[in-house]
Structure formats: structure tokens, C-alpha cells
Amino acid sequence: MTDAAKPKPATDWGRITRDGLWGNNVILAQALALCPTLAVTSTATNGLGMGLATTAVLVLSNLLVSLLRGVITPEVRIPVYIVLIATLVTLVDLGLNAYAHELHKVLGLFIALIVVNCAILGRAESFASKNPAAASALDGLAIGLGFTLVLVVLGGVREVIGSGTLFAGAAQLLGPSFGFLELHLIPDYRGFLLAILPPGGFLALGFLLAGKRLIDARAAANRRRQASAEPVLS
Amino acid sequence: MGEYLLLILGTALVNNVLLVKFLGLCSFMGVSNKIDSALGMGLATTFVLTMATLAGWLLDHWLLEPLQIGYLRILTFILVIAAVVTFTEMVIRKVSPALYQVLGIYLPLITTNCAVLGIALLTSQEGQGLFQSVVYGFGSALGFTLVMVLFAGLRERLALAQVPAAFAGLPIAFIVAGLLSLGFMGFAGLA
Amino acid sequence: MSTAVQASLPRGILYQALLLGGFTLLAAALLAVADRVTREPIALRHAEDLNASLSQVMPSEIHDNDLAADPLTLTDAAGAPVLVYRALRAGQVTGVAYQVIGNGYAGEITLILALDAQGQVLGTRVLAHKETPGLGDKIEAAKNDWILAFKGRSLGDPPAERWGVKKDGGTFDQFSGATITPRAVVRAIKGGLEFFAANQTELLAPPR
Amino acid sequence: MKLFNIRGGVHPEDRKHLAADQAIEDLPLAPLLHVPLQQHIGNAATPAVRRGQQVAKGELLGIGQGPISAPVHAPTSGRVMGIGSFPAHHVSGLSVRTITLQPDGKDQWLEGIEGVPDPFALDPDEIAARVAAAGIVGMGGATFPSAVKLNLRKKYRLHTLVINGAECEPYLTCDDRLMREHTAQVLDGARIMAHALGVTQIIIAIENNKPQAQAAMTGAAADSPAVRVAGLPMRYPMGSEKHLVQTLTGRETPARGLTADIGVVVHNPATAFAVHQALRLGWPLVSRLVTVSGGAITRPRNLRVPLGTPVQHLIDYCGGFREEPTRLISGGPMMGNPLPGTRVPIVKGSNGVLALTAEEVNAQAAAPCIRCANCVAACPCGLLPLQMAAHARAGDLDGTVRLGLMDCIGCGSCSYVCPAHIPLVQFFNYAKGEMAARGRAKQKQAETKRLIEQRTARIEAIQQAKREAMAARKRESAGKPPAQTPADRRAEA
Amino acid sequence: MYSDTPIAGPYAHERTSVSRIMVLVVLALLPATLFSLWQFGWPAIFLFLITVGTCLVAEAACLRAAEKPLRPSLLDGSALLTGWLLAMSLPPWAPWWIGVLGGLIAIVVAKQVFGGIGQNLFNPAMVARVALLISFPAELTRYVAPAPLFSPQAPGFGEGLAITFGLDGPDMVTGATLLGQVRTELGQGHPLPDILPGIYQPWSDAVGTLAGSMGETSALLLLLGGLFLLSQRVITWHIPVATIATLALAATLMNLYDPGHYPDALYHLVGGATLLAAFFIATDPVTSPISPRGQLIFGAGLGVLIYSIRTWAAYPEGVAFAIILMNTCTPLIDHYVRPRVYGRDRKGAPIEYADDADAEVTR
Amino acid sequence: MIIAIGSIALLGLTLGGLLGLASRYLRVEGNPLTDKVAALLPGSQCGQCGYPGCGPAAEAIASGTAAVTICVPGGRAVVEELASLLGQAVNLAGVAEQAPTVAHINENLCIGCCKCFKRCPSDAIMGANNMIHSVFADACIGCGKCFEVCPTECIEMRPVAATLQTWFWPNPAQLSA
């Protein structure tokens, strides 16, 4: 890494966090990491599990990439990153299989696929390889939590509509202490299956994206209104 | 023969990688604005995916199983896929610059397309024979290409439609993908 | 001039190779260690899985062994291998359990079927199926009690011609609007009973 | 005569009964005539008269500029009141250079105007030259200088002249009346043009809703085997020359080509009539037939109108408006354009002035396209109007061009049948205009680039010269010998 | 009259409009609809009204939300038609909430999020039907045998209310459609000749006295409506003819190959929603190709898909899926299949005449 | 276990070597896109894009650091061409179509200082020291540079008036909006 490419002192913690969670959200803003997003969100619990596993990998990979950024040459950086990520993912895979077996069964193939979750490589490339370790780790955390957030919301929406429950199986998957999460919202609910079938995943994400648009638009309108109101106030 | 035909039908239509298995969605959303680029991406992926299933099978049976190191599967597969992609790029560029013009820009994207790793891992999980694995990979890739191109066609028309602002762009694309997947549910049970 | 490029070339490549190779080496080593650590718990979890499904159909009173241990492999009428788990009490086979497969509405239905030494059904559960949720999925014990109706049945009870769903003149209920799934399950269980009848001696022979 | 089928097309109500039975009348002179210097495709003419000058009928008012242009002549005798800007006979409402003439009422022809006794003895070039000098342009609406078309024989091998008497636009009857009342003259003009083109075969093509014109022409042409009259099926746009030629010969004109590519030249009967007058009588083009019609006109008429007459004068002569018209159109309802007002003058290309009622126009607010494909079925050019319009709407003009914008003849069949009342033609007009504007911008950009490069080179040269001068001065003050050239250095080494 | 912003011609227009077209389609549907409503009695009438009503209300609500003018879109009749066709594709005695949910899906998810009429890529009625089918297979596969209004076995007004609104109504005598029954029996390994005679006579199916959705009953009346649409030039022959011909061809070939398993062409034509689809649904202009050749391809694809899904896939009737799948192909068909442009060959190059050596002089 | 780790490491070693080789042989020299982009830009070096001229702007666009919409004088047409060259989808709604303008010099105020003459990138201004200057409208690109420097503010940027030849129908999509 040459001097010219030295990291910009962009350690604006608040901004990194905000961007990761909302403004530059992997799913809602970048449209990346879509496969796990759609595949595991038939319940909020699954979404939470996947999100946390991915977050762990993200934080670690960002940290390692950032630490190693002096050593790695551009030619082999992609394979090296991939090896790094693959290792982390395999570790998570083994760990979950051994210590959170139920979750492992549900997440299945998608744990392995965290490797190719474009978001992880993307963050390694675009953030961690240019920024100091702490910022990179925070970025990984923010991005990961943003991802988790969307997964949980999406899973929740699909679960409620599809089967009338929320966080079903949380106790089983995450441990008994999570039992309080489980909700049976509508007792005699027939279940609108579409929501938990593949088409429902796409549809729900589509509406979620539209929802984010509306929220952003309203926020922007508010900001404008405030901006125009300020001179009058002062 | 008939068995392989059914396998292709099954992987391409019934258990479509994109719409049912949910693999490779990022390129699905990213490279489907134009029919031509979708076709290019599809063809490039078809090649890489077929090669990857082949390489995956060989790795599995010649390296991982004899040495009993299944836990290194992800690592080796992804390494080999990255290599396959790079070498494909190199070979195409050397052999046919014209083809490179068409496919070149999509090749690097494929490394992070989880359909490639996903299908390779799935075939190895199902313990199929060599030829079956390759057909499985090829059929999946065919399904990938088909849906990519159909979706690109739909998106080209969407670009001309007067979609409400909140839905224009990605949201409506996801909704279209949902309806597309709804249609593909009709193939259930076909093979 | 050209020599300079050639000179730098191998060095660069060697560095790349060593870099990637080194990382792979580290990664592989790390994973090997991790595998060592987790191998046991994972094996344990798998065994638990199997035990969990077996214990659903095999009452714990009738055996004192580890059900998953030492399974027996037989071949069925079609020549396919069947893995049989045996319940032993005091060295005697008191029950057997194996998978049976039915051809449902949307694909295969995999069941685990447990029989006692007399060939009476101890219990049966669906392990995997692709039936339509809301219609065919009532065969899951979690959704409907239907599957419990097989308990205590055997090849002669009901008689062979009544081993079917009511619509076909049999004993067992179907679901309204979905006959195919129950029909497939009934057939699969009947097949499992016939397998028992055909292989009774091997099944009940006490393990060496 | 065997006819061939064309694709698409529509069957609008022809409404010719309004004016078809009105014999041609001479419109009395208006108090002032406004003769624009541009009444044709190509370069505008430049004035040949001064303010206050007295001119005779047929005297040259404006001189044509360059090969694609046409002169204009005085429609009557009178005094030039001025040369200035005046609202053009054009939708835009823009003004154009116009000569205003105050008729003296004598309507006196210029001295010495006389025709050729035997035009067939003339060289084709000579005929074309006379047609050019007479200011004749295509009267079928395109107003392309006719002499240019007569010279096509130099580049193409031609075999047929078609007189386009289709007059497929609703309402319009002036070609019909012309062929009925001046049959011999139209035929003579056609023969002269055929001679100029070097072709022997003449086909006079007339739609079947004009049986009298067909009969008149057939009678007049009975003695000459080279002239045939073809009865065309009634279908809009039968009058489009490419489709007319296809109907007659079964051949399509290659895209971006001319009918001359397949050996045929097409002219309007009024053009033939003007050629007859120019050669036999020596008269330049100073008047034309105009159909004044439409539901809002009190008495629809076919008028012979001196060029430059204000539209209001025609309307007044026809009894004014019966009711306030919804649309005032120049030309037919399908291809015609709205007039910006009634002050504008009649020009060489005006074949109709229509005042249409709301009921006739049947305009409705545009709704979204339902992709019914009526427009696709109606398009005589095999285009996809709905797609072209959608691309134009989305701002993707290149897409519109790829879909064949430049092959669209603007006939309006698509808009006519669109159940959603989408202004398809306007989309295409806009896109064509925007493309042309981009073409101009590009040309200008290239030109600018050249200028900038020139400037850069020039400045560089000046600077170089300055540097050298400076160096030279330095050297002189230091008394050193001039710098060595590389060659010197080599010699030293 | 002399507006500042010139509006280009033509200044004459055919007497046609979107709402006129929709009204004609409704007229064409009317005989078959009335017949089916009579056949299935009050519950069917309620469901029909609920479905159509939901569609209209949903359309109005979406227009309001999008701040678009209500009248033009609401009165163009497209929402009415969507609701109508959706109602015709549902089991006539389905509960009220099926109609409501279906109407919402059709109008909101399949139409208005795309921007309203003309912008949707998939047939709204069929999207709703498929979404309902996969979500509520039990409700969507429960059919009743026709019991004409006012006949003794028909439910009265009150009973009808109870059936539709899920109050304690009489137990329904439920059954499957012809296609459903045949698929079930075939699945059991019974050969066709054993199955068909009891349940199927081509004539009764053509007239419409079998169980099924409203749009599946009277093939004859639907054909009549379709011919009316053809005569009014609302639709062209390409899609219906291609669909019917392909389906019939596939059925005939397979029937010749193995009559024991594959029913003949007539069965496929009068059974199920073939005719409704061919004349009223596949021809939905918004979601079908625009060129005649494209329409032929569309129809042929539809025929093949309907046959394949009916015969080999998990569902006994494949019309709705086939329509959605072909809707998916429509943009591609339109992209690749275009009419030949005047003066150009199929590839888009200007025509050249081989014998033009004599027409064009040396350059 | 040692064998396992060793063989995987060997795999990595080999692939790393090969990748290094590949990247060595496949290095792309410069960015060929830059020239193509430069060819599309107006070339007036006006700097309105925020880059010192069209060349740097082209580099920035080709490397993706600048949006295709930066060139103001190029207008919609250039944006569209760039977008199609780079395979991007752009929302043209944001690109305001500027009405083209040309400079016009008020002859009564011009003091003949030659400042505008020197600034004009396309030699569209004619004049000499202490003479009244005038603009050759056909060569004026409307960049406004002369407008900025004129000490007497006698230069006016006038919209180009439509003529019968340049007028065309308005876009109906914009009419209805």
C-alpha cells in the first residue's frame, strides 16, 4: 500500500454507524447479500440467527483485513480475502453445528454461503482495506447489525402474515432464555402461506424497500421544512 | 438420457436456482437491466458453474474424502472457483477477444455469485456421480440464464412503465421477481 | 530493458504464491484445530438428532440400549438398503425402527416406522415431505393427530383389503380435499409392515 | 390493372361530400397579399424587389438560393408595400420573411410571358429549368422543388410516372375537382413531365371514391396506350407515394430511399397542372386550388386562390364560421397542421383549410396505453408506435430511433385508431425534431472542437515564437553563439 | 382554438376508447356469467359481487393514495373486468374473504404498484388466483356440483349468505373439478377408460353442468362471447387460435401415444378454463405480445404450458400458471419478434432488389 | 492431518502462483475507455464540470469517479451517449435541459478591451483592440466565459431563438405533466 492510498481519517463513528444501519444498508441501499436475506427469513428467529452469524463474520473479516492491509498485494487480494472469509465462515459453521445445532439445521447451506455473501467481500474491499482496524470493526458491526435488522423485520413480517406467529422457535434455536420472544399473535389463524413461500420473500422485500423510500422521503421533506422554517425562528 | 433430461428440467424449472433456491440473487438484481447483458451474464455463469461442479466433484472425491478433510470443503471450493473464474477470463481473452468483449466484464462478478459455490456444495452434499453432478450444475445454470433473461425483458419494459416513485427501480423489480417466482411454482411436481 | 521485467516477474509471482499459499496454510491449520475441537460435539448432536426422532416412535420402556448404536442393514424387495435401528432389552430385540417412503402429492414422504417384535406399530412419524401446507401437511404430528391412528395397527388389523383410506373402502380417514397424501402414507406404512413380515427372522435375531 | 396489397392503414370517414360537388371558383383578390419567401423545402428565396416597387403579375419577387430552393412570383399586379417579418403558415406561430403586396386590382400579367409551342421538342434539362424558374414545388403537401425531382433521371433508371390522385385525406377535394374540370391540362402536364423524366409509362392513380375524376381521366387518356388510370381501393394513407407505388407495382421502396430507386416518380395532379401552365403558357406558380371545408364552415368550397391571400379572406368568402371551430387546420385532418391564426397567408403547399367541430375532431384526454396493438395493426410501415412513443416519453430517443422512428412517415394512422387517444404522432414529431436538433448540435460541437484546436495551435505557435524571440534576445545580450542543433551535436561527438 | 401549445394531428379519430373496449369484453362475458350465476346460486352471486366490489374499492383507494384523478381510471372498466375475471376463476362457493383478498392482490400487488392500467406486467386476475391457490389450497380446490338457482337442492338466500360468510351453513357437498378428479384417479394408477365414463360427457361439459369455477362451466357460451369479441375486433384471432390449436395438437398426439393415460383433445378444450383463457385472459392486451407473430408464439407457448402443467405437474389445472409464465415471456417476445419495417428486410437492412441492375444507373 | 494441511497449502500455493501469473499477463494498460469518453465530450474545456478541462473530466468519468452527468454544456445528449457507452442507467430527469444560449455584445457599451476575445475558447468573437467586438453566433458555444470577463457588462447570454428550420413539436409527455 503506497502512501497515496493511506486511509483518510474518516473515523466518524456516528456516521459509520448510521450508514451501516440505515443509509448505506447492505440490503435496502446496496441490494447485496440478497440470497440469505430471502432464503432464511421465513421466521424472524431464523433471520436473527443468520444476521448474528453474518455479523460475527463481518466484524472479524473487516478486522483481519484491516490489520493485514499492509501485507497483501493487490494481485492476490481477492483470493486472500476469500480464504480469510472462508476460514471464518467454516469456523462459524463448525461452531454452530456443535453448539447451536437447531439453528445450524435451519440455516443449512446458507452458512457456507456467507463466504460468497457479496457484502462481506464488498466491505473488505471498500472499507476495511482502506481504514484502521477499529473503524473497520465498527463498520463491520454496523453493517452486520443493519443486515440483521432487515432480516429480522423481513422475517417478522413474513412470519406474522404467513403463520400468525412471531419469533416462533426462538427458545429452541437461541436458547431457553429467548422464550419470551415467542408470540402467537392470532390464535386461530389460517396462515397466508404466500408470505413464507419463495414469492412472498420477494414481494415482502419489495414492499420493505418501498417503505424505506417513503420513510426517507418523509424525513427529507421534514428536513426541508425545518430548514425553511429556521430563519423565521432565529 | 431421459433421466438426465428430467434432471435438467428439474434443476432449471422446478427448483430454479434463483427463484426457488435463492442463490445468485445479487447478480440477478444487478445485471438484469438489459436483455443483452443478462444473456452475457447467464452464459458466463453457465460456463463457470458447469466447470465448478466438475472441479468440486473432483476435489471432493480425490482430495477431501481420501484425506477426510470435509471441513476444508468451503475453503478449497472457493479457492478453486476463484481460480476457475480467473483462468476462464484469461483463456477467453487469449483465444477469442470477441467473446471476451461479450462476457469479459461479467466474469469477475461471478466469483462472488453464491450460486456457483452453492450449487457446487449442494451437488457434493447430494453425493451424485460425476456426470450427474455436471448435469446438475449445467441445468441449474440454464435455469439461471433463463430467468435472468426473462427478468431482464420484464425490467426493460418496467423502465418504460409509469411506476409510482416509491416503487420505481428496485422495489418493483423485487415485486416482479416475486410474481415471476409465483409463476414458476406452477412447475412444481413436473420432474 | 526487457531483462528487468523478466527479472521482476518470477519474484512477484513467487511472492503472490507464497502469500496465498501461506494464508491457505494458516487457514487450513486453524480449521484443522477447530475441526478437532468440534468433531465430538457435532457427532454428539447428530446422534441426538437421530435419537430424538427414534424416541418419538420407540417408547423408552421397551429398550435399555442406545437405539442409534449398531444399526442393521437389510435390503428391501426392490433391492434398496434399509437401515434398521433395533430396540434391545436384555439382549433381546423388542422393537425395530426404519424409514419408509411414500409417494405423496408433491413428492416423496419420508416416515420413520417403529414396530414391536410382534409386528405391531409402536409409532410412526413423518420426517420429511413436500406436501402442500394446509392440505397435505396434516400428516405431521405437530399439526394433526391423524398420524397417531396407526399406533397398535398391524398387518392383520385391519385386514389387508381395509388397509386404505375410507374413500377407497379402507379404515383410515382422509383429509377433505386431499386424499392423495394420506393414501400415500397408508400405503407406505403397509409396505413397511410387509417388509417386517418378509424379514422377520433377520430383524429379530439378537445382535452378536 | 392488377393492384397489390399494402399493410395497415385505416378507413377514416371521408366527408368529401361537403365540398366534392362545389365547382372551382376564383377567389376575389384580397386587399393585401403576404407572399412568404419560403414556401418550400430548402433554402429561402431572397427578395428581388424593393419596397414601393410596382410589380406585374408573375414578376419575380424572390430569387431561389441554391439547388434546393424555389423562386416566388407576384400573384397579381400591384405595389410592394414592404419586406419584413410576418406570421408564417406554420404551426409554430413563428414569423418568416414575407413580401407584402397591395394589389392594384388590374391583375395584369408581366409583359412578354409566353409558353413553348411544343414542349416535347425541348430538351429534358430545359423543361426542368423552366419548371424551376416557374417556382413549382410539389403541391401534394411536401413542397419539394419539382424540378429537382424531374432531374432524377440523371441518377436513376426510371420507367414510370405516377400521378398521385389518391387524395386519401378526408374532406379534401381540390385534386378531385382539378382532375374533373381541367382533365386535359393535367394530362398534358403529366405528359410533359414524363417527357422530362424520359419515361413512357404514366399511371394516373385515383381512389375509388372519385368515380367522376376516374371517368374523366379515363376518357381523356383513351387514345394513348402509355397512360393508364388505376382505381385505388379506399384506404388511408394510399396517397403516400411509397405505399401508392407498392399498390401499383408490388414493390416496396427501400428504406431511406426514393421511389426512384424502383424506377418510379410520383407527382400530384396539381403539380402536373402547374407544369402544364408553366410550359404551355409560361405562367409561374402564383395561385393554387384550396378546399375550404369542415363542419364549422358555412359553405364549403373549392377555390382558386392567389398565393399570399390571408386565410381569413377564404373563410369570409365561404360565409364564415357556422359555429366556433374546435380546430382550424391547414391540409387534411390526418396529416394537416393547426394554423396559428387566420391572418396567415395561403402558400404553395396549402391544399385545404378546414374548420372542424368538436364532434368531428373527437378529441379526448390521453389515457395510458393498454397495448391493444391497434396502432401496430394500423401502421402502414410495420412500426411499433406504442413502443416508439413509450421510449420517447421515457426520454430514450435512441431507443425510438432503433425502433424505426426515421421510417415513420407521420401518417397518423396510429393515433387515429388509438383507443387511449395517445398523441402518438406528436411524440414522433417531437422525437424527430429533437433528433434533428441533436444532429445540429453535434455538427456544431464538431465545428467548435475544430475551432478550439485551431486556437490552441495558434496560441501555442505564438507562444513558441515568443519563447524563441526571448531566447534569441537573451543570446544576443549574452553574445553567445546560437544554440546547437542536434545535428551539430552529433557532428561534434 | 389557437392554443399556445400545439397539439399534433390527426384531428379526426375513430369512435373508440378504452372504456368502450372494456364494456365490449364485459358484454361478451355476460351470457356465460349469468348462466354460471344461475347454476351456482346465491353463494356465487355474493362472491361475485364481493370480488368485483373489492377490486373497485381497492382501485379507488390506490388512485387516491397515488393522488391520481379517480374518474377516468375507475370508469374505464378495467378494474371491473379484473374483478369479474377473478370471480369467474374462483370456486363459486368460496368464502367471502377469498374474494376480498383476491381482489386486493389483483389490484394492489399486480396492478397499482406498477402504476395502474397498462403498466402491469402480469395479468392481475391470474396473479390473484395463483396467489390464492398456493396460499389456501383447501379453499381453492373445494368445488360444488351445480344446483341451479331456485331448484330444490339449491341453497336459498339465507343459506347462501351463510355459505359465503362462513356462518353455520349447511355442510357442503364438496367435490373436485373434472380435471382434478381425473388427475387424482390417474395418480392412483387407474386407466382413463375406467375413469372418464362416469364423470365426463363432452356435451354436458360444453354446456356447463359440471363442478368447477364459474369460468370453467359453459364452454359454449364462452366460445360465443369469444366470437363476439373477434367480430367486434376487440381481439384478433391469433392468440385464441394458437392456444387452442397447440393444446389440441399436444392432446391428440399424447392421446394417440397412450389413450389409457392421456385424454383426447376435446376433453382438454371443454374441460377446465381453456376457452375462458384463450378468448378472455390470454388476450388481455396489456400482458400479451403486440405483433401478430408474437401473439402466435404466445398462444402456442400457452397451449404447451397448459398441457404440460395439467398432465405432468402437481396441479390439475395449469391455465393460471401458464398465463403468468407466458406474461413473463411477453417482453422477450416483443423484443425479438417485430413486424418487418416497410422497406427493410427482417434484419432491418434496407431492401435490395436483385434485379435492380437495370433500375439503377451506373454511379 | 499434516498431509491434509500440507496439500491444501500446496493448492493455495499453486493457485496463488497462477493467479499472480495471470494478473501479470492480464494487466490492462491505461483505461481505453478514457479516449472514447473524451471523444464524446464537447471539448470546450470550459471547466463547468469542476475538472480543469475535458481531458481530466474524461478520465474521471471513465474511471467511475465522476458521474456521467457532470458536463453541463453537453446536455442530455452527451449524458445519454456516455451512459450507453459505460452501460449505466441514468435518471435523466435530473439533467436539466439547458436552453442553449449565445453571447450577444451590446455595441453601445463595448470599449474594445479585447478581454472577451482572449477568453473565447472557440474564436467566436471578432474584433481588435479598441474596436467594437461582435459575436459570430454560429461558432459561439454559449460557455459564458466572455460574459464573466467583460468589464462593462455589455455581453448578454441570449437564448437561441427558434426558426422555422429549428422549431419542433414540444414533448407531449412534458405537456401533460
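We call the chains A, B, C, D, E and F, going by the order they appear; numbering starts again at 1 in every chain.
In this section, a residue touches a chain if its C-beta (ideal position, glycine included) is under 8 Å from a C-beta of that chain, and two chains touch if they have at least 3 such contacts.
Keep in mind that this is a model prediction, so the values were computed, not measured.
Novice: Among all the other chains, which ones are in touch with both subunit E and subunit F?
Specialist: A, B, C, D
Novice: Could you pull out the chain whose C-alpha mean position is farthest off from that of subunit D?
Specialist: Centre of mass proxy via C-alpha means gives C as farthest from subunit D.
Novice: Count the touching C-beta pairs: is A-B or A-C ahead?
Specialist: A-B
Novice: Quick check: how many Å separate the C-alpha centres of subunit B and subunit F?
Specialist: Whole-Å distance between the two chain centres: 39.
Novice: Averaged over CA atoms, how far is the centre of subunit C from the centre of subunit F? Could you give it in whole Å?
Specialist: 67
Novice: Taking the mean of the C-alpha atoms as each chain's centre, how many Å separate subunit D from subunit F?
Specialist: Whole-Å distance between the two chain centres: 38.
Novice: Counting in whole Å, what is the centre-to-centre distance of subunit D and subunit E, each centre being its mean C-alpha position?
Specialist: Measuring from centre to centre gives 49 Å for this pair.
Novice: Which subunit D residues reach two or more other chains?
Specialist: Expected reply: 91-92, 368, 387, 393, 396, 423, 426, 429.
Novice: Which positions in subunit B are in touch with at least two other chains?
Specialist: 69, 71-72, 75, 79, 82-83, 159, 162, 167, 171-172, 175, 179, 182, 185, 188-189
Novice: Could you pull out the residues of subunit F that touch at least 2 other chains?
Specialist: 4, 8, 11-12, 15-16, 19-20, 23-24, 169-170, 172
Novice: Judged by the touch rule stated earlier, which pairs of chains are there in contact?
Specialist: After working through each pair, the chains in contact turn out to be A-B, A-C, A-E, A-F, B-C, B-D, B-E, B-F, C-E, C-F, D-E, D-F, E-F.
Novice: Mind pulling up the subunit E residues that touch subunit C in the complex?
Specialist: Against subunit C, subunit E makes touches at 135-138, 141-142, 174, 176, 184, 187-188, 314.
Novice: Inside the complex, what are the residues of subunit B that reach subunit E?
Specialist: These residues of subunit B touch subunit E: 35, 149-150, 153-154, 156-158, 161-164, 167, 171-172, 175-176, 179-180, 182-191.
Novice: Which part of subunit E faces subunit D closely enough to touch in the complex?
Specialist: These residues of subunit E touch subunit D: 1-2, 6-18, 20-21, 72, 76, 78, 115-119, 236, 285-288, 290-292, 334, 338-344, 350-353, 356, 358-361.
Novice: Okay, in this complex, where on subunit F does subunit E touch?
Specialist: By the definition above, subunit F touches subunit E via 169-170, 172, 175.
Novice: In their shared complex, at which residues does subunit F touch subunit A?
Specialist: Residues of subunit F touching subunit A: 12, 15-16, 19-20, 23-24.
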